[in-house]
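In the part that follows, the structures are each spelled out as structure tokens.
Presented sequentially are two complexes of chain A, the first with chain B as partner and the second with chain C.
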Partner chain A sequence: MKSTLLAGALLAFATATSVHAQAIKLANVAELSGGGATVGTNWKNGIDLAIEEINAKGGVLGRKLEVSHADSQSNPGVARAQVQKALDAEPYVLLGPGYSGSVKVTAPLAAEAGIAQIMGGEAAELTQAGNKFLFRTSFGQQSSMPKVAKYIHDEMKAKTVAVVWVNNDFGRGGRDVVVKELDRLGSKVVADLSTEAGQADFAADVGKIKAANPDAVFVYLNEEESARILKELKRQGVTAPLMGETTLIGQKVIELAGDAANGARGHVGLTTDAPVDLIKAFREKFSKKYNYVPDHNGLKGYLAVYMVKATTEKMGKVDPKKFADTLHGLTIKAADEPGILMDVTFSDTGDIDRQSFLVEVVEGKQVVKQVLPKVK
Partner chain B sequence: MISFGKPLKIALGLIVIAGLIIVPMNFNRYGLFILSQWAVMTIAAMGLNLTLGYAGQVSLAQGAFVGIGAYAAAVMTTHGWPLPAAIVVAIVLSFAVGWVLGYPALRVQHHYLAFVTLAFSTLAFLVFRNESWLTGGIYGISNIPRPHIFGFATNKPLPFYYVCLGSLAIVSLAVWWLIRSPWGRAFMALRENPLRAQSLGIDTRRYTLMAFAIGSALGGIAGGLYAPLTQYIDPVPFNLSLSLDLLMMVIVGGAGFYFGPFLGAMIAVLLPEWLRFTEGYYLMLYAVAVMLLLIWSPTGILGILDRYLAERRTKAASALRAVAKSRLETVQ
Partner chain C sequence: MSNLFDLLVAGLATGAIYALVAVGFTLLWQTSQTINFAQGEFVMLPAFLMLAAMHAGAPFWLAIILGILLSMILLGLGFKLLLVDPMMRHGVLPLAIATMALAIGLKEAVKQFFSAEASPFPSIVPTGDISILGHAVSLQSIGVLVVAIVAVFGLTALLNRTSLGHQMQAAAQNPTVARIIGVPVERMILLTFLINAFLVALASLLITPIYLAKFSSGEVLGQAAFIAAIVGGFNQVRGAIAGGLLIGVLDNLAAAYVSTQYRAAVPMIFLIAVILFRPQGLLGRAEERTV
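Up next is the complex of A and B:
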């Protein structure tokens, strides 16, 4: 009897340790080369940083996290192949991709496999197709742009607005929502200017803005192009107030544009410049490890991993089938899980609800003008 | 390839075909996707091989024709048309546009022609992106259905792989026939010496346009299969880099060799996948491998084989000559 007990105990111990030793496998597919290389590399580094932190503290429910990275070459066709490969290996959760197009082509595959997908895409329609396994790491444009439009209409009191956007899925998606919202509120779009990613010269675009003489200008470009257009707006003496979303008032833009950035305002959902202590600490850790300052994609990758941790701990077990159900409607507080950086709630569609900020650049520094609370 | 006996060649061909049909039955979904991609890219590269390898017209627009075919198929099948009908439209459309693009080739050659086709490639990208009423613009077209062929649904990866493989077989046979027909010979005459071709009564003007149009039509077929393969398209995959990729497939495989595109597409699609274990380095290693290959053999992989066989033939011929000469001497 004693020996059976001992054997039983040994067996239990053995199985316990084998479960203990088995790592939780995550799969990441991101834009590590091609046009989205900055997006994907930031996202990947954020993931690696979070996993390193979590594993150093003993992992999730005593199990280490492991991640495989695959490159989508910023091409939806390749993304599909890589996600297929990742899903064939039956990961716990799928991370990425970052481009909305690549998310669109891969989301049905993950849903079919019943595996939750935590991604970086921001296009409004992604979470509107009824996919029960797809989760955002940042505001979709359908949440951020109405706030921008409201600010332009209510606070800036603009009757006429010029909209400048970059013609890729990011810029086009934002432009479509903001124009619709401005129209609804009764502000008239007097100039609707499409620009190219990587465009160097904005003289012609700014000329058109000047000719339209709007009450406000909404600028929705990538960081470097934002800095270039800010300089050109100053050079041509455009005095209308400038409004942006996340990119226009980023730290990198302020550094590149210098004086020209002063007075620019913007809505910030998630940036490394956010006036939150945990985010500042994240930024420091990240820059120390990788020797550069991350953009919001770095934050998104980092958050994705902490979403996995918080959800798994909430379930109390590693269960890929129940993961998506648990994350729907879940609120994660930064006080309980510092890795999540800010309190956040996930809706039934996988959208995110979180505090955000209205920021103005004053003498080369971001100043928070207004804190926009969570919707719910 | 004369030195292979004919029965041996046929046996080898049958083994490869049987392998392509049977082996993938145990593949996972990822493997099937990659193999389907190989079949699709081979079709596009065969088209470029006709234009470039056989007729000698440099084109940097093949990717754009794949795009035209893909958009034609995507727009039509999402509006309820069957895929075969959509592919016919893709063929006609690419053929017509290819024919028109052939006109500059009547006036300019080589790298000038490359620039003209490059400009076309950029133009096509802009049309895909900016004409959003038709193409969905930067958002692309999603939920592209896979076809029912003879009542069989091909939603699953394996049946759709057979659709791609079957299309590849049909295209291969057509091209095989074409390059052995008087047309194929006219294309080669055009490449080797247009002036002499003309003096022999070949209408070089018509055949130049034909070379472009037929090559482009094959690009259109590839596009028509690419859309239901990925089930989502946006303008990005059809930019200049696809044209360059296809050009590379043709050159690496061996331009002007019938089997060149098969090998070239295999290298372009499969080699980067095999090299993925090196993580951040895989594209670099891939680039280095291609460069080394082209330094070693500028005529591509089949060029190596061709060189080897030619050498053997020369050796055999000179051996024969030596024998004949010695006989001649003994007679004297």
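Up next is the complex of A and C:
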């Protein structure tokens, strides 16, 4: 009797350890509190949803996925400590953080450990430092701006463009790429206006735009300044079509600028309003599980896990050392892996190429007007 | 050329608001030697009072009236009784520093109780254009200019044409003699605080639809109005008006023809030049005190 019990206990222990050994461990470090709490919580919930789905269908290569969540408190210093701790546990892949600043300080740690890092940051410089282990889940400026320039040239048929940008890393990064691309396509930049972060009065800037009389205006400012310039453009009666990025047509801008935002167009990399069936289904599943509608960070977290699944299945084995190499240059099709939601290709630098959306503000609401195809 | 015209109109509209705020600076200085470094925050706060009234369900017109009345109570009466009167005894400098502290307090309070993010604010002037000399000029710019000009003319008429105004002038020029001839000096000083509060509330109503309601929006305004008051002449209401308009136009022309980065520097350089070569201000008179 005693020996049977012992054997049973041993068997149970062995099964437990073997299940444990079989699980693929992921580590997530995200902004679960502090200023980026919305970003990090959406990202985390997206991850949990994807893992639950994958495990319900038998996991990856027959092994379950497991994730640990750590809070960066939206602070790069804390993020660095948490990532170090996560890496010490030797995860298969590191997920997060979402803030570019936190990614910047943690990426060298993951690279040193030889662990792939799938993150949410969007600053252009992140993937330009030669890091071979860093992957995006959304567009960096170098991917989105060429699409913006192409739209201004091809669809708006603008021969002359005024470019207004905010004089900081974010604004200058976007401005440099878009001006180069417009030049390449043959649209002339007739006004190149730098503005200050926090600027209140845009009368003179809009005066210059008016004097340059462009066919289109590209506006690349933070949300509040976007709202102020939209109001001033309306006040001074500028009728040229307005094009921007997510920051020009975001919900906060629409709220602040009121009807001055109507007609403004913007390029959006990921949106849960996208007219894509798989994204609609994701939005429904997410809303049902968490009782709120996710923002694009929820999508990013979800996609990160499916990137892990698709890459691992491509390799046919769980090999953390080969993971990054396999993901570079990989194209994942939504037809093969529905969890990836849209066809996506990863470049050698970890940047992504994917279809995106052209959103216009119509009567105070964002309306997806067009799906912009992949660049390549 | 049409660009220059647009810039002038926009500059005058902004300048008119600076003028309202700068006039308040000179009024307080004239009657009570108060340099109010919280003047910019005084412009920021009424917009939030009006927004709070609207959130409580008041229609816009009622919110405006409530906002102006509350401003006069808080930023006029309250400011004088709770801060200026107790600090005045210790001299001009401690009072000036106390107003700096008040500025920080007001900003943080708004951030705490409202939000650190900007809020939209409705405009009293409808959007749209009218044509002047063949140029399309926005109704908002015209509206701001008209309201500011009416307010300034009203104030000048009050000071120069009425007995009340004469009593205020007397209280400012020589409080001792004014007291002897029966002018209620204390009440006159309080009146200037109330007028200042009314002017900043008006400025708030005009500028916030353009700048958005934000806790930090007073910083730029306060500085511009302070420069305007010194440039025009700290001891002359008409100097503050001229200074306000001048700084508004100069700021816009600098942004257009120099650079956006250096726009804030141009009025400063102008200020230094005025202090060096005409310290009493463009329209001010040396050694004279009047309202």
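By definition in this document, the second predicted complex is superposed on the first by the 230 of 376 C-alpha atoms of A that agree within 3 Å, B and C clash if a C-alpha of one lies under 4 Å from a C-alpha of the other, contacts with A are read in each partner's own complex, and residues count from 1 in each chain.
Keep in mind that, in the parts below, contacts are C-beta pairs under 8 Å (C-beta built on N, C-alpha and C of every residue); 3 or more make two chains touch, one makes a residue touch a chain.
Just so it is clear, the model here is predicted, and its values are computed rather than measured.
Q: So in the superposed three-chain picture, is A:224 touching just chain B, just chain C, both, or none of them (first/second/both/neither)?
A: In the superposition, A:224 contacts chain C only.
Q: With both complexes superposed on chain A, which partner does A:234 reach: first (chain B), second (chain C), both or neither?
A: The answer is second: A:234 touches chain C but not chain B.
Q: Between chain B (first) and chain C (second), which does A:84 come into contact with in this model arrangement: first, second, both, or neither?
A: first
Q: Could you look at A:331 and tell me whether it touches chain B, chain C, both or neither (first, second, both, neither)?
A: A:331 contacts neither chain B nor chain C.
Q: Contact-wise, after the overlay, does A:101 reach chain B, chain C, both or neither (first, second, both, neither)?
A: first
Q: A:167 contacts which: chain B (first), chain C (second), both, neither?
A: Touch status of A:167: both partners.
Q: Both chain B and chain C contact which residues of chain A?
A: Residues 167 of chain A touch both chain B and chain C.
Q: For the complex, which residues does chain A have touching chain C?
A: 167, 193-196, 198-201, 203-205, 207-208, 210-211, 224, 227-228, 231-232, 234-237, 252, 255-258, 260
Q: In the complex, go through chain B and note every residue touching chain A.
A: So the residues of chain B in touch with chain A come to 28-30, 33-34, 37, 129-130, 137-140, 142, 226, 229-234, 236-237, 273, 276, 279-280, 282-283.
Q: Which residues of chain A touch chain B once you look at their complex with the stated criterion?
A: Per the touch definition, chain A meets chain B at residues 32-33, 35, 69-71, 73-77, 80-81, 84-85, 87-88, 100-101, 104-105, 108, 123, 125, 167-169, 172-173.
Q: Which residues, counting only chain C, touch chain A once they are in their complex?
A: Interface residues on the chain C side: 2-3, 6-7, 10-11, 13-14, 117-120, 127, 129, 136, 138, 140-141, 209-212, 214, 216-217, 220, 251-256, 259-261, 263.
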